[in-house]
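Both complexes shown next keep chain A, but they swap its partner, so chain B is in the first and chain C is in the second.
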Partner chain A sequence: MKNTVILGALTIAGLSAGAAAAGTLDDVKARGKLNCGVTTGLVGFAAPDANGEWKGFDVAVCRAVAAAVLGDGSAVEFVPTTGKTRFTALASGEIDVLARNTTWTFSRDVDLKFEFTGVNYYDGQGFMVPKELGVSSAKELDGATVCIQTGTTTELNLADFFRSNNISYEPVPIETNAEAQQQYLAGACDVYTTDASGLAATRATFESPADHVLLPEIISKEPLGPLVRHGDNEWGDVVRWTLNALITAEELGVTSANLAEMAGGTNNPEINRLLGTEGTLGEMLGLSADWGKNALSVGGNYGEVFADNIGEATPIGLARGLNAQWTEGGLLYSPPFR
Partner chain B sequence: MSDISFVRTEMLPEQAPPPSSVGAIGWARANLFSSTLNTALTLAAVALIYYVLAKLVPWAWSPTWNATSLKNCREILAELGREGHFSGACWGVIRDRWVQLFMGFYPAEEYWRPIAAFILLGVALLPILYSDKVPSKMIWFTGLYPFLMPLLLWGGSIWTPIMVLAGFVLAYVVYRALTERMSELIGLIAAVVAAVLWWLLAVSPLSGALADLIPLGLEPVDSRKFGGMMLSLTIGVVSIGFSLPIGIVLALGRQSDLLIVKALCVGFIEFIRGVPLITLLFVASTLLNIFMPPGTNFDIIMRVIIMATLFASAYMAEVIRGGLAALPKGQYEGADSLGLDYWQAQRLIIMPQALKISIPGIVSTFIGLFKDTTLVSVIGLLDPLGLSNAIRADANWNGVVWELYGFIALMFFVFCFSMSRYSMYLERKLQTGHR
Partner chain C sequence: MTTLTDPPKESFRLSMLIYDTRYRSMTIQIIALIGFLLLLGMLVTNTAQNLATLGKEPSFRFLGEPASYDINQRLLEYTSRDSHLRAALLGLLNTLVVAFLGCITATILGVIIGVLRLSSNWVVAKLTTIYVEIFRNVPVLLWIVFTMAIMIETMPAPRAFKGENPVATMALNDSVAVTNRGIYIPEPLFSRSLGDVHLLGQGSMRFDVSLDLIAIVLVLGLSLWGAAKIKLRADKIQEKTGERPRTWHTRLGLIVVPTAVLLVALGFHFGYPELKGFNFKGGTHLRNSLIALWLALSLYTAAFIAEIVRAGILAVSHGQTEAAAALGIRPGKIMSLVVLPQAMRVIIPPLISNWLNLTKNSSLAIAVGYMDITGTLMGITLNQTGRELETVLLTMLIYLSISLSISAVMNWYNKRVKLVER
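Presenting the complex of A and B:
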């Protein structure tokens, strides 16, 4: 009897959870704030500055979504999540969107019931070695000691790579990136392996970055992107097309410098549709007509966000590489705004 | 007979002790070089200390206070001709972020509120800690403090804490009225029921209505803005404050003759002690979220505080049970022979002695709990340790490790060491000589 009551209560809770999840867009509008899950700190992607203001590449996605929905890029409540809490935070509705350098994988998309709304950074696992080792390819790393973060996909990728190349290695398990930096510099391991963006950021902090090289091999695909709960397609569309708006704007040459001018109307109908002077794209999303303009007004287009947070002018100094537009040999390819 | 007649008749004057046995030399000879083995150990220890300090002091003595980034630190050190991985500390990160390490994301214009809350905490503790030196009326302020602190930290309407306080008044009135007319047990139960009903049903509509009539209050601050040392202190202080009374009740319950009360207390204590704190924190951060009806915004910090309180209470109960067990049976019998009832005996005879015996254990539990609050960084709350990671994620400070951890360790040391010294003082003060 008692169990039935509890089960009944759970069912009702579950049903109402489904009902509430169906209207994230309305929830966000009613709340006037977007709850956005970010990491507790990853160089270039999300970190609070001395005034407690969150900055970074993933943070820019949150701000763009907030601006598109609410017209204000600062109407975001940033919820720091760890690798362990991020998925429950999203599933339970504590956050509306998770922009936490999360790799898009089959099981996360299908089994964990999330919906990835695109890719904002194409990453991959790489290797860093001291130059004095004289290694120029990961295939020459036979017998090397490798610093590796435990419990991540990088650990499995590493085992696969070494096995398929028939070479051996000795893992040095470490917990955090900070620990890895210390161990690597102290010579506890010959090689440090993690996502290539992380390696670049780590190398940038060294006393003499030129003494260390990133090997050319990238041994895994890590498409990182924002994700939302499964089953709330309206909200998923908002996040997906906000990201696409940033990418398309770069392709069409809309920057924060010429945004105001272009929003006055141009000869290019796609720009006009993107910025809301033509067509009813905003209305279809359930947003205001100038949603695209608002999203772009926060940090500019994708290229500008990239350059400001992780690009070659920053200490992290990442090249566009795979993250260049498709017209320039990269993988960024937004569907048309039509 | 030979004439041996020399007998000293007067005392020799006192002479100064030989110079080698007084002063610094004497102390060193007695304590450091009293034997070959001790001499060898002393020399080894001196060499070790010198080795550590020779590395540490030049590293820490580094004029990088005004640096704006790790790169900037290295430039400053390179100008001084100091190169290498451990050439000098980069203190700029502390200058840049110490406010954040203390206050987290609390709005800067409201900093006075946490500061006031923690200063008033000191005032509220005075009547308990130094009961002989401050006026006894101060205890009223101590009683009010638990309602003042949330108001200061979280803000909001002033009426909510007042209405919550009214619940206690209501409980007391019900208790007095029913105890006189019926039995004490009925009075106690009715008082608890009345208070709980009041809190559940009446507090939020009443305080809402009053807030509409007379809008008094402070700017509300979201729990998400809490961080750094302030977060650790909030969780620590609240959990410590609640765990002591709950622990006393649990300890008494465990010794009780009432079967159900005893079973409940034993079950609770053993369950909580059998589960690691980190598990409870994960339950607080992830599981509760899923079980709660959606839309209920049950504050994450509140959830963590509740879990930490439950955890500390179970340990506290066992510490106090140790104190109760150490009391001779004669004390209980003495109380009975005086005709005191159960609560009077506990209040006047048993508890004062049991708590005194338990002081070292209680303070250890406090210190342990305070340090355990750093575990919340695992569930994404930015306590000092969590913030150190977030600060390193700033491209300017990426790679700074020792300076941050050293500073955080110092902050914790100051708090824990003062607690431990205070407990020793208290033991001496309450020493009555029959152990």
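Presenting the complex of A and C:
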């Protein structure tokens, strides 16, 4: 009895002690490895490939941060998290950064004490149904059984959407994307709802993707981005500006093809500051001067990462849409490197 | 003349706390207790301090805020605008339902299998041995997931019931639909319903109970009590005169007639499930998650209960069986009248702990999306509010109370059936 109490208390104390640790940047440098929280497997965003190597859009963010800090894009320990476990993993210090298509919301930012370091994908919640059901709008889904990933914002949006449209539904809470896929394909639910990008990624892995349609309604704003613990601003800055470096590089036309050439020096001072041949931006972040070049050397700029993992040439086939540069009508707008 | 002198009075010295065996154990215990309390205090303050640094002082105010999520299996009325507290209450009821159903099924199955394992029929004995070994030696989580997967993959989806020549049809004269979303069965309805009684006010804890149900339970209870009285009287007459009056028809009538009259008065009828749109409407929906969890927990725990029952039966001396056989009692009767009642005394204590295990194992429900207390309070609520410490403590407290209540009831029962020793 006494032992149980002690063990229980130790566990709680251990959890909270880990959460209080600061100086993540030093920790990562000392460890020589970045612990990055990703999904348990969503093709295109974060999933191990045939060789067991993690690939994807969110994975690219992890690798870019690792390259910026440690100079090596493969010095990443990927920690798969579910919708339910991700915040505990980050708060307890198990992971340094969470790049798991997580929606930036007020309460997560303010109440859960996290810090979103930017948006790497502007998304919205959508619905996927089998074509044979003949549904063309989400408002026709009265009485449908809907699979949702539990512990996500989609769960709350879904409740609000059906309530405000005065239609009924039967929620089936599911832990991971893989389980949801299984239930959906077996017909245990009529509809699968999550972020539209996630739906496209899931559909791409189906045997016959053409048999399933995404409904036109997008019922929420889901700005997805990497997040870190609140209160460690130096580390937050590193992650924020690594993401900004990828976005700025696309805007300035720095690609993996011309990276080496441009790192030799150009006559555009912003490119020079980004790649570390001018100014002391790297030093200000507590990183080496060529941190930006390192970050870009892993998978190229934002546009290249997008095209390689989820772009129109991939099976997932997402258009840039809102995720185009601001100069091309999108929402991507990085503050200047100055 | 003899004089009685008092033994010399020893004065108390501090060193006696260690060197005197009368005090030593007390001293050690007090020191250990102080040390333990200090450690506990340190852990608590440390936790509180760290939470304060994080800006997350423990607070239970989140329980009053709107939950904003839906729960599929609702025993009470609930919408997504209700509070987290109410969501937790619904989760708790779902936990209790599956635990209650599971305990009953596991016990019945366990007793049958335990008895069959001792059968002299080689095939039956071996088959039940295989059952016990298979279920006992695979983690229950796998059984839960496995049962769910079988239901989802092998049973027809509701859309298979559609069309001119449907792939699947409803069973039992179109009254039961077996689908991979669960089983739809007819529901009892009352056309002249008495309405609901609102217990516990109108707040988050509101608990509406159908007056129809209360009336039926009352009437049935009174009838059963009357029937028991008649049987008692018959027993007395039999003991006095050796002749037993025929009472079965009056007893049966007493039980059936009042309830039947009440049901007719309330306008009792069945509501049948019907395919409308995406799903079956009407009827009671036993969700696949409930069935998978219930079945898996029952089958798993039954394997343990079977072993307990077998041990209990083996603990009853074989002489009892032989003596009963010598009196000419048939084997079935020997088991139910002589052996099992005595075996119960050995069976009950370990049976309690198996019921507790089943109740606690029901927290694996989220694996199949069953919204129990772990799924609501410690799942979605925790996730949406970020109050880990508070929700986990609250959930632990709830499980503790459930388990202690089960123990209390079963210990009381155990005391009653225990062998009175002289």
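Here, the second predicted complex is superposed on the first by the 238 of 338 C-alpha atoms of A that agree within 3 Å, B and C clash if a C-alpha of one lies under 4 Å from a C-alpha of the other, contacts with A are read in each partner's own complex, and residues count from 1 in each chain.
Definition applied: a residue touches a chain if its C-beta (ideal position, glycine included) is under 8 Å from a C-beta of that chain, and two chains touch if they have at least 3 such contacts.
What you are looking at is a predicted structure, and each value in this text was computed from that prediction instead of being measured.
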Which of chain B and chain C A:Gly286 touches, first, second, both or neither: neither
So, does A:Gln182 touch the first partner chain B, the second partner chain C, both, or neither? both
Which partner does A:Gly52 reach: the first (chain B), the second (chain C), both, or neither? first
Would you check which partner chain A:Thr88 touches, where first means chain B only, second means chain C only, and both and neither mean what they say? both
Thinking of the overlay built on chain A, is A:Asp142 touched by chain B (first), by chain C (second), by both, or by neither? second
Where on chain A do chain B and chain C both make contact? 10, 12-13, 16-17, 20, 84, 88, 91, 182
Taking the touch rule as given, give the residues of chain A at its contact with chain B in the complex, in rising order. 10, 12-13, 16-17, 20-21, 39-52, 56, 77-82, 84-85, 88-89, 91-94, 176, 178, 181-182, 185, 201-202, 204-207, 314-316
Using the touch definition from the top, list the residues of chain A that touch chain C in their complex. 2, 5-6, 9-10, 12-13, 15-17, 19-20, 83-84, 87-88, 91, 107-108, 111-113, 132-133, 141-145, 150-151, 155-156, 158-160, 162-163, 169-175, 182-183, 186-190, 230-231
Which of the residues in chain C end up touching chain A in this complex? 36, 39-40, 43-44, 46-47, 50-51, 53-56, 68-72, 79-81, 149, 152-153, 157-160, 180-181, 276-279, 281, 288-289, 366-367, 369, 371, 375, 379-380, 382-386, 388-389
Can you name the residues of chain B that touch chain A in the complex? 70-71, 74, 83-85, 96-97, 99-100, 104-105, 108, 222, 224-225, 282, 285-286, 289-295, 300, 377-382, 386, 389-396, 398-399, 401
